[in-house]
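Can you keep this structure in mind? I'll have questions shortly.
Letters A, B, C and D mark the chains as written, and numbering starts fresh at 1 in each.
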Amino acid sequence: MSNLNRRSFLSLALGALLAGGLVVGCNSGGGTDNANKGPEAPAGAEGNKATGDTIKVGLVASLNGDLRPWGLDSDKGVKVAVDEINKAGGINGKKIELMVEDSNSSPEQGKSATEKLISQGAVVVLGEVASGITAQMANACTEKGVPIVAIGATRDDITDIGPNVFRVCYQDRLQGPVMAKFAFDELGLRNVALMTDKKQPYSTGLSGSFRAYFEKMGGKIIDEQFYESGQTQFNAQLTNLKAKNPDGIFLSGYFNEVGPIVKQADQVGLKNVKYMGGDGWDSKEILATGGKAIEGSFFCNHYNDKEDRPEVKSFLEKFQAMHGGLPGTTMGALAFDAAAVVIDALKRCPSDDVSSKTLAAALHETDGFRGVSGDITFKGHGGNPPKRALVVELTKDGQVFRKAYEVTDFPDL
Amino acid sequence: MDLTHSLLGAVDFGLLPQQVVNGILLGSIYALIALGYTMVYGVLRLINFAHGEVFMLGAYVSLFVAWGLGFGPGPVSPDQTSNWVNLVIMLVASMGVCAAVGMFIEFFAYRPMRNQPRIASLITAIGVSLLLQYAGALFLPNSPPVPIREEVNPYRANVLDVPLKPKSADLLAQTKQAQVALDEAERTLKDTVAAEGIKSEFDLSPEGKKVRDARNAARTKATVTQNAYDQSGLSLRIPYGQLIMFLTSIGLMLILRHVVMNTAPGRAMRAVSLDYDSASLMGVNVGRIITLTFAIGSALAGAGAMMNATFLGTPLTTFFGMQPGVKAFVAAVLGGIGNIPGAVLGGLLMGIAETLVVWVGYGDYKDAIAFVILILVLLFRPGGLLGSAKVEKV
Amino acid sequence: MSLLQLEGATIRFGGLVAVNNVSFSVEKGDLFGLIGPNGAGKTTCFNLITGVYKPTSGSIKFRGSELSGTPPNKVAQLGIARTFQNIRLFQSLTVLENVVVAAYLRHRVALPSALLYLPSAIAETERLKAEAMRLLEVLDLDRRAQVRSADLPYGMQRRLEIARAMATKPELLLLDEPAAGMNPQESDDLLLTVRQIRENFAMTVLLIEHDMRFVMNLCEKIVVLDHGIEIAQGPPETIRNHPKVIEAYLGEAV
Amino acid sequence: MYWPVRLASILAAVGGCFLLDALARGVDDYARRLIVLAGIWVILSVSLNLINGITGQFSIGHAAFWQVGAYTAGYLSVTFHGKWGIDGLPWMILMMALGALMAAVAGLIVGLPSLRLRGDYLAIVTLGFGEIIRIVVQNQKPLGEAYGMNVQPKFQTVWLVWLMAIVCIAVCRNLLRTAHGLPFLAVREDEVAAGAMGVNVTQVKVTAFLIGSAFAGVAGALLAHYEGFISPQMFKMEQSFIILTMVVLGGTGSITGATIAAVALFYLPERLRDAPPVTGAALLGGLIGTIVAVVLVKRTVDRFHGPKIGAATRYIGSVVAGIVLSLALGAGFGMIPKLASQSFEAEKLRMVIFAGVLIILMLIRPQGILGTNEFSLDWVKSLLRKRKAVEA
């Protein structure tokens, strides 16, 4: 029927093969072969080796989609670091060739981008800012034996994916307890409610770690309300919360929703309540969306651009010079750190053998690297450097540094 | 199903009236956007997937107008004040630009497809929607997402308090007392901080910490008494913004209904929606009527966008139209798509349903409930609540 | 026992009684006409018989068993096939495919074997196609078998509708204005064809028609409806002179 | 002649898949991944084509079935793998079967309302169902909530994916080749007439949903075990739209069209990764030039009925005019310093180009690449014949 017959079937099968063959033809590069691979970690995953007079470094960033603001910042941050080393003559005479790919804020496109970078010879992959995408990328990198340095993926289990998964940010494992401790000890809060963005793995993870530590300290989590990013009205959740008499509310989501939530909480009639959150709050805009109600709230951050450490100052100057403006979010700094820590490790690689393998080894040896967001040490810590976490207060003039916590402040973690 | 939260344990029936009010206010946003959807669908039978993006553009227009009015991205001087005139300017600009954009999209993307199967226009609509999202992201400020400054809307923070049952006078006194005590404690703490010569209350000496603990205790007490006072009576809190949105959607519904029922273009719209070819044979300028419909529908999206952006302060990205767009479409179908009061009814119903789901403690299923209700309603009334399922002539 | 028997069949749409207490019976082998002015409820009658609508009250019996409430496809399986007033062909299918759809009713091979393209399914397809081709020959459409049905000229589309209905091998064939829009020549041809069908396929035919000449020449029994009410019944001669019928038609003309 | 041809084509299909697999071993992982994902998209597109194109049921929630399949297979693998004493290919086959089964159950649940609903109402119900599934999954602790879940064991082969794609294509094609497919087409064309001809409309619709969703379930199982990781993000609403777009773009009801469109639409954004950066001036100029070219081509399509040669010249003329205009405008806008200095990386543009191509294709060829035709030698021949006839 409808013009279908035997021949069309064959032509179809041929067409399919042809389509496949075309792609094969376009992309035939010298990758390693591990199709039909079993579940175990690959034995022959050797990663890439730098050849010629450049060292290829890949970056996956959300240049499109929901995470675009963070993606653009991480793109800029990495470029500052790469530009700096290349202007200084590169590493042992080899320039860094930065290859940027878009993840379109989606995990599977992030993975495609990663595989593309690896197939093009990247010895290391940088990114992403979101844990969900990073997890996919880490899977791909682990299979190929290429190290990955995550920028802002704070979810705890990301680094469990493989031995060469690194990150330059702290973990939710720390971030939650930091805020819990701060709430309990410094703010004197005892009855705290949570509001969690169910669509964001980041938010659910952070709420969980906050809850666990706060309860461990003797505080009470009196309620947890849920929403999804993209929603705009939260009166229903807040009305519920008000009836529970919280003295503090921990908002683990991103600032897009946090601002309006706090604003609406004021309208619902929540008074004298302290609002707290994680690094997802980090943005200048939260003051505009949260209005007066959000002033005097606290959240956990990686660094503060008003710190007078030399690293911060010089980073901000370089960023300003290159991009004509300051980074909108912390991701600029973290991305710079991710690139800088890789550059630092590349310098320690044997100059005749710059490869994924030697780089991973060098990364593991990183000890006390002075990053913009604080010292980074992988040595003895796997991919999770013991980073400090800052508690900052939102005032009408912006973020004001209030208290810093070290990992050592939490011996019970 | 996740049974971690027990159903009835979390329910506080005292909150029900407030939650229903919340639901109505939430629904009025859906209703406002759904009106535009239903207009376009009613006349053209086209699911205008780009409606959400027109809504998004409307919000950006409001943003730019707000910037132009002096409420720019930079710091705003404290004496910079706004009034309703500014809001009207934003509203008119937003509606106007959206109407233009709607007509533009109709002309370039939908008109050429008019004699094609409807699914083809649907795909074009999806294409337009993607294009506006991604192309918008290149040119419009969205990194980081930008909100409209709250200062531009002086009514945003206001709340209408409708007392149903008076609150306890005793508790009021206690609350005031607690607040005074808290203020006192804050002052003491401030003095202590100044005396110790440190930057903030978080670097206090052990003695100073005691002062702070006292302040914390006072704050907790103030919170508790305040809440007790609030809960001693029964009053409905209605934010001005949402109230205005509610009244606007009802008003627009009445106006639209009047236009569609009692005016010449309205009659033409109905004629086109009933039978396209006959209408054109009867001398209706179908092209113009469709353009007009798109203009009105898009202008409504513009109105909704302006209110959403200024009253709720949602930060804008070029992707933020998608979700309200889909929700509004569901509301329109729920009420009976093509039916103007149906769109409002559907929107309000969805708002109430979503709110009640949150009320019983299932906020994580909030976005699903709209669809569950939709499916149930359509199973029993395939034409939606107020719509009539078309009986096909055989 | 009559082949088809309507007893007090009634259907209301809201306030409108489209068919009001209509009773008539069609015997096996009849060439039965159903006439009346526009809006008399003729097509609604067809829709009641074929299960498109369920009667509000009254009964419709086919070979003695109740039809009302039976879904259209079951009615077709029981042996009643129809054509449509406003042609409803499967437009993007070919002429042959249109007929095979109807013949598929009597297929003997289950779906899985078709999905696997087993020989049984191929043979079955060939059988149904051959069957359909024979019907197309009867209606003189065989040379157009591979044409998209939407591309056929109007008269042929009407004939294809009949061929398609016949492919279900019905005992009772309902024709809804088969001659509508045809010129006198075409309509005469059709008349012969319908007679031929009845002879060769032993079918009973119930038809709605506006063309009085056509009905009077063809039908042996006629029922007249007006405003949903049955106003006359009998052989063509009786109907021709029936005062109520004349009034109904003349009234319409004025 | 039946069995020899049949066996030969089966062998050709299986052999072709292994050949592809062998070829894919020679390329890098990125290219291989694209080949695999393209296969998965082909399954999705062809299976939705059965529901949407062939049976005419307007479903825009296909990603939901995909998700059900993926999570079923993923969860079962994580929980039970290694406990039932099977591994490797048999396990994978089991997972595909179970994923298909669960997706078919979901298809049944969605198919049932379709008995009462038509067109846009059905569309919104399927869309809603997709969202419900996503939200329910997102709230399940055992399924990893919003984060998703790691799936072990991985099963990463090219041949299996493409074999399933071919099976899916073959099933749909077999259906259409026999008389059994006609009732499906009849339901699409006219439900009332189909019912009157004895077609059990209910059964046909539900069958279409069952088969279509089962294949989407297979695609889900394949994806879960290929990626080794699944998350609700991967099955969001936009994915359903993309699948739908593939079907419509390929030509409603055309299996080959769905296949070609799936491969093309999947590769397009990936290919665009390599496009060079453009300046603001060039972008603006190109945009206007493209619009003009499209309007001109569209005008020819709609209004020009002369000989083919004339049409062809007009097409070429339109495109040339578009290119010349974009170059001229690009140079013109280049005078404006702000536009000249602003550079857009292709990475940031690719989704815009994707959307643009989509709109342009629909405007120029709304019936889809292949219309309702299948791609075959006969079709090409008939096309050529028609063309000759017109020219003569």
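General remarks:
Operating definition for what follows: a residue touches a chain if its C-beta (ideal position, glycine included) is under 8 Å from a C-beta of that chain, and two chains touch if they have at least 3 such contacts.
These numbers come from a predicted model, not from an experiment.
Relative to the centroid of every protein C-alpha atom shown, the closest chain centre, again from C-alpha atoms, is found for D. Highest C-beta contact pair count among chain pairs: A-D.
For the pair chain A and chain D, the distance between C-alpha centroids works out to 32 Å. Averaging Cα coordinates per chain places chain C and chain D 41 Å apart. Centroids built from CA atoms put chain C at 70 Å from chain A.
Chain B and chain C have CA centres that are 55 Å apart. Among the residues of chain A, those touching two or more other chains are numbered 1, 64, 198, 228. The multi-chain contact residues of chain C, meaning those touching 2 or more other chains, are 52, 84, 97.
Residue positions 134, 364, 367, 394 of chain B each touch two or more of the other chains. Taken in their complex, chain C has these residues touching chain D: 50, 52, 71-73, 75-77, 81-82, 84, 88-93, 97, 100-105, 107, 109, 111, 114-117, 119, 121-122, 124-125, 128-129, 164-165, 167-168. Contact residues of chain A toward chain B in the complex are 64-66, 68-69, 72-73, 186-190, 198, 223, 225-228, 230-233, 235-237, 239-240, 242-243, 245-247, 255-256, 259-260, 263-264, 266-269, 271-273, 283-285, 288-289, 291-292, 328-329, 391, 393, 400, 402-403. Listing the residues of chain B that touch chain D in their complex gives 1-2, 4, 41, 45, 47, 108-109, 112-113, 116-120, 122-124, 126-128, 130-131, 133-135, 138, 326, 329-330, 333, 337, 364-365, 367-368, 370-372, 374-375, 378-379, 382-384, 392, 394. Across the interface of their complex, chain B is touched by residues 52, 58, 113, 116-117, 119-121, 123-125, 127-129, 131-132, 135-136, 138-141, 192, 237, 241, 244-245, 248-249, 252, 291, 298, 302, 344, 348-349, 351-352, 354-356, 358-359, 362-363, 366-368 of chain D. By the touch criterion stated above, chain A contacts chain D in their complex at residues 1-17, 19-21, 23-24, 26-39, 63-64, 100-102, 104, 106-109, 111-113, 115-116, 118-120, 131-132, 135-136, 139-140, 143-144, 155, 161, 198-201, 203-205, 228.
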